[in-house]
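Okay, got some structures for you below.
Consider the two complexes below, in which subunit A is the common component and subunit B and subunit C are the respective partners.
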Partner chain A sequence: MKRKYFTAIAAACVLVLLGSCSGSKDRLYLYNWIYYIPEDVIEDFQKESGIRVVVDSYASNEEMYNKLLAGGKGYDIVVPSGDYVSIMIAGGMLQRLDMGKIPNYANLDASALNRIRFDTGNRFSIPFMMGAAGVSVNKTKVSGYEHSWNIFERNDLNGRMTMLDDMREILGAALKYLGYSVNDSDPAHLEEARLVVEEWKPNLVKFDAESFARGFAGGEFWVVQGYAENVYIEYEPSRYSEIDFFFPKEGMPMYMDSFCILKDAENVEAAYKFINFMLRPDIAARVSDYLMLPSPNVPARALMTVTPNYQFEDLAKGEFKEDLGAQTLLLYNEVWRRIRVGN
Partner chain B sequence: MKKPDFIKAFSFSRTVYAVTIMFLFMPLLVLVLYSFNESRSGSWTGFSLRWYVKLFTDSSDLWRAFGNSAIVALSSALVATVIGTLGAVGVNWYRFRLRGCLRTITFLPMILPEIIIGVSLLVFFSGLGIRLGLFTVFVAHVSFNLPFVFLLVLARLEEFDFSIIEASRDLGATELQTLWRVILPLTMPGIMSGFLTAVTLSLEDFVITFFVTGPGATTLPLYVYSAIRFGVSPVINALSVVMILGTVVLAWSMRRFLKNIAAK
Partner chain C sequence: MRRGPGLAYASPSLLWLTFFFIAPLLIIVLYSFLTPGQRGGVDLPFTLNAYRAIANPSFGKVVVGTIAVALAATFFTLLIALPCGYYMARSSKQTLLLLLVIIPFWTNFLIRIYAWIAILGNEGFLNDLLRWLGLAEESVRFLYNRAAVTLVLVYTYLPYAILPLFSTIDKFDFSLLEAARDLGATKFMAIRKVLLPNIRAGIFTAFLFTFIPIFGAYAVPLLVGGTNSYMLGNLIADELTKSRNWPLASAISLVITLVTTIGVMLLLRFNGTHILEKKHEKA
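Up next is the complex of A and B:
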């Protein structure tokens, strides 16, 4: 009696396993940033197209890239940021796109597209969302500051400030503060940038990319560098007025996340349908509403119902992070190591 | 001279006991408490069930990950239990060459760092051209669950009274009949604890799963890890509370089941 039961469970488990392994034509495997596309948008796409979307999430470009390099086959679409788009193009991991299949590409803001250097002319990548980390200030605690990176020089805020634990964001901020490009490769400029960061560092509690927003909302930190969405999500809407989120006037490093189709994708047609669907104004507006970010999709802006955390025009002073190349990357790593470890 | 009562109450062993219990259960208490918090933030703003509502109505990604975890945990634990039990019985019962060697080798996956097992499995799977997915996660989990089941069942077998087996063979039972009717029922507590250990290990595994997972095979620990970038959502707290309740019910019914066996 018990044996039969046992065998039945075993058989059921094996069946489920086999069932989940068999591939199907009407599927799309999407490897995307976590919490980037709301679930109801995916559901609507499934209803409209009859294609089942299987979503897996990652939390950093490195995680996604290394997973694919290590032999993670089977995904169709990935959403790398700019610098990783060029790394993946160079590595031959992406497909050349057939623009005829993505007519909604025309909806994208030409002013943003023209500034792209990681894939000029978008031969391999279709921009999805863009944004930047900025500075959030708790207005109830801090006053008399200008919208500049120099706020991190203030000794009186010692022990109340955090910056991101992210090499490109920190060095990019310092380079911009000095008037250089966020992709600058001149060792002398990087040394100057290091000295700037060394000046900020004693005033910081820590370099942190995970829990700074919670500390900021709790009143523990007063000035934090980070993404607006991370900060606002910790606040009730009634307290939004306490936050002053700004991009420093000197400029800041900026990201652009783009849809790319992998070279070994098996569901290419479904991938094109999905990308085109995501660029439809009503869909792009829903995504922007969900993320509370401005849309690079021009007709979508009029359809948004939520006020974004910042305006698209605010991003004008930003500069896209590009791939540095192996040589310069080593230089950056060394500067960053000295900042983090000391000496 | 008699020590005053308050010194007895704060004796060393009692203090250690109290501190240990506190360290074990305080985090759980905090977790349960915040699952009922009204706001997302770290401060208490009021009682609310909104995270539970969100968990049960609007978290299909989370439940898909949970479903994957459950499938892998149950199936891998089941297979590991069957193979591990048979292996333990075989090693205990028969004498063959390399028997001692086999016992030692089984320890290896337990003492090797998980990250090495993960990388080697990944290299192995991609070398064979096996597509990464739920199946490879299943295979990996069976392989690291196996030694635990094997050792738990073996421990039970080693305190076994061999005259019972001899008696059953004496009375005319075949080898298989002895296995099914005598050995398995008597080792059932070991088998069940092996199975439960395997389920737990599989449910919580992150490192090995991270390496061998593929499209559509995100498990719960992997999902929680990538979600943590946006701060721990109280929905995860709510899910943890549900899982704690599930575990308590499971452990309690298991205890009764084992007691019944012992009573028989």
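Up next is the complex of A and C:
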């Protein structure tokens, strides 16, 4: 009797598994940053196109890239940042795009597109959102500072400041502070940058990319380096005035996240439809409203209903992070390891 | 000679172990001898570069720091777990106490770490209390240092030490303690000379159950550690993801595996002979 039940259950399981496999024709497998596209936008796309979107999410470029590199298959679209776009192009992981299928590409801001070096001419990637990590200051606790990276030199704020646990962001900040490029490959410049960070480090509580925003909103940290969207989401709108979010005057590393179609994608037509849909002004505006970020999509800006955390023009002093290449990456790693481990 | 059904019964777990433990381990061994790929991954030729990189003194610093934190955390865990296990074994409410030890497992591990952040933070409960009592004006910084990492590790792995200790002490014949007292031993002597040697196996298991996972800790130092609480687990993760140096990450994990295996074997040799002998006597 018992065995019969078991067989029935096993059969049911197999049926369920088979059922979930069939009909992959009207599907799109999207591998995207976590909390990047609001649920209702995806639903609207499904309704309009009849294509089912299966979303899987990641929290860092590294996570996404290493999963794909280790043989992760089945995704159609990924959304890497610029440096990873060029790494993935060089690795032969991306498809060359047919621009005829993405007419809404024309909506993107040419001034932003012209600054792209990771995929000049956008042959493999379609820009989606751009932004940068900046500095957030709790105005109720800290005063008498200028909008500069030198705020991290203030030892009276010792134990109240954090910076991102991110090699490119930290070294990029230090390089910009010294007047160099965020992609500088000169060992002497990197050594100077290391000394700058060593000066900041004793004033920092920790290098943190996970929970700094919660600590900032809770009054634990007063000055944090990080993404504006992470910080504002922890606050009630009535308390927004307590936050001073700024990009240091020396400039900062900047990201551009772009849609790419993977070489082994199975649902290429659906992928084009989705990318074109996401570049439609009304949709781009909804995403920007949700993230409270300025849009690189020009007609979308007029349709936004939320005031973004910063203006598109503020990004002018930023510089896109590019892939460093294997040799320079080793150099950066060594410098970063010395900072993290101590000398 | 009839072989019996043993092998047939053991085969599922044998296959499982082969595929999901031995095969990945072999991949790690292989990767550690390869060259890092231009964009992550691994490439030929075979090289010892990853092992040469480990010889770098900055790694030694992380290893020493990790061992120090792991030893301290294990020591305090055992120190707390021993009396707990003893009390539980003697108590008439064993089931209730066992349940209390297990209850924290019902809550996600990360949430429990964040609970510690809420307690120990600059604006946390403990600092609020100190200020309310007038014991502190400025908030005291409890978090984001090695002590905080050790404390949260002790908290996290305490149940893993209490459970094996409890089960060993529970089997201990407490009349032996009375006999020791009758023969003139002080309470402390009776515990040291009669109880502790008899529960050595439990202490040994508790040590392994706490030291090994703590040695590879990743999330705790990441969340409650400061700028100087970098541990081996964090180093491996960074080498694998941020530095895109898979051979180095493999080599470090392999060295950890080797060191822990050798450590366990040595401990078994010196400490465990006693346990093994006892089994033989019974047989």
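Following the convention adopted for this analysis, the second predicted complex is superposed on the first by the 334 of 343 C-alpha atoms of A that agree within 3 Å, B and C clash if a C-alpha of one lies under 4 Å from a C-alpha of the other, contacts with A are read in each partner's own complex, and residues count from 1 in each chain.
FYI, a contact is a pair of C-beta atoms (placed from the backbone, for glycine too) under 8 Å apart; a residue touches a chain by one contact, two chains touch by 3 or more.
This one's a predicted model, so the numbers in the text were calculated from it and none came from an experiment.
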Subunit B and subunit C placed together on subunit A: clash or fit? clash
*Look at A:55 in the shared chain and tell me whether it touches subunit B only, subunit C only, both, or neither; answer first, second, both or neither.*
first
Quiz item: Should A:234 be classified as contacting the first partner (subunit B), the second (subunit C), both, or neither?
Solution: first
- Touching A:211 in the superposition: subunit B (first), subunit C (second), both, neither? both
Contacts of A:167 with subunit B and subunit C, given as first, second, both or neither: second
For this session: Answer with first, second, both or neither: which of subunit B and subunit C does A:338 touch in the superposed model?
Result: second
Worksheet item: So, does A:72 touch the first partner subunit B, the second partner subunit C, both, or neither?
Response: first
Query: Touch check for A:311: first (subunit B), second (subunit C), both, or neither?
result: neither
Footprint intersection on subunit A (subunit B / subunit C) at 60, 63, 70, 210-211, 218
Per the touch rule, the subunit A residues reaching subunit C in their complex are 60, 62-63, 65-66, 69-70, 87, 90-91, 159-160, 165-167, 201-202, 204-207, 210-211, 215, 218-220, 326, 329, 333, 336-338, 340-343
Residue positions on subunit A within touch of subunit B in the complex are 9-10, 13-14, 16-17, 20-21, 29, 31, 34-35, 39, 54-60, 63, 70-75, 209-211, 213-214, 217-218, 230, 233-236
So, in the complex, the side of subunit B touching subunit A is made of residues 39-43, 58, 60-61, 71, 74-75, 78-79, 82, 122, 125-126, 131-135, 138, 211, 214-218, 223, 225-231
Per the touch rule, the subunit C residues reaching subunit A in their complex are 36, 38-41, 58-59, 61-62, 114, 117, 121-123, 141, 143-144, 222-223, 225-230, 235, 238, 240-245
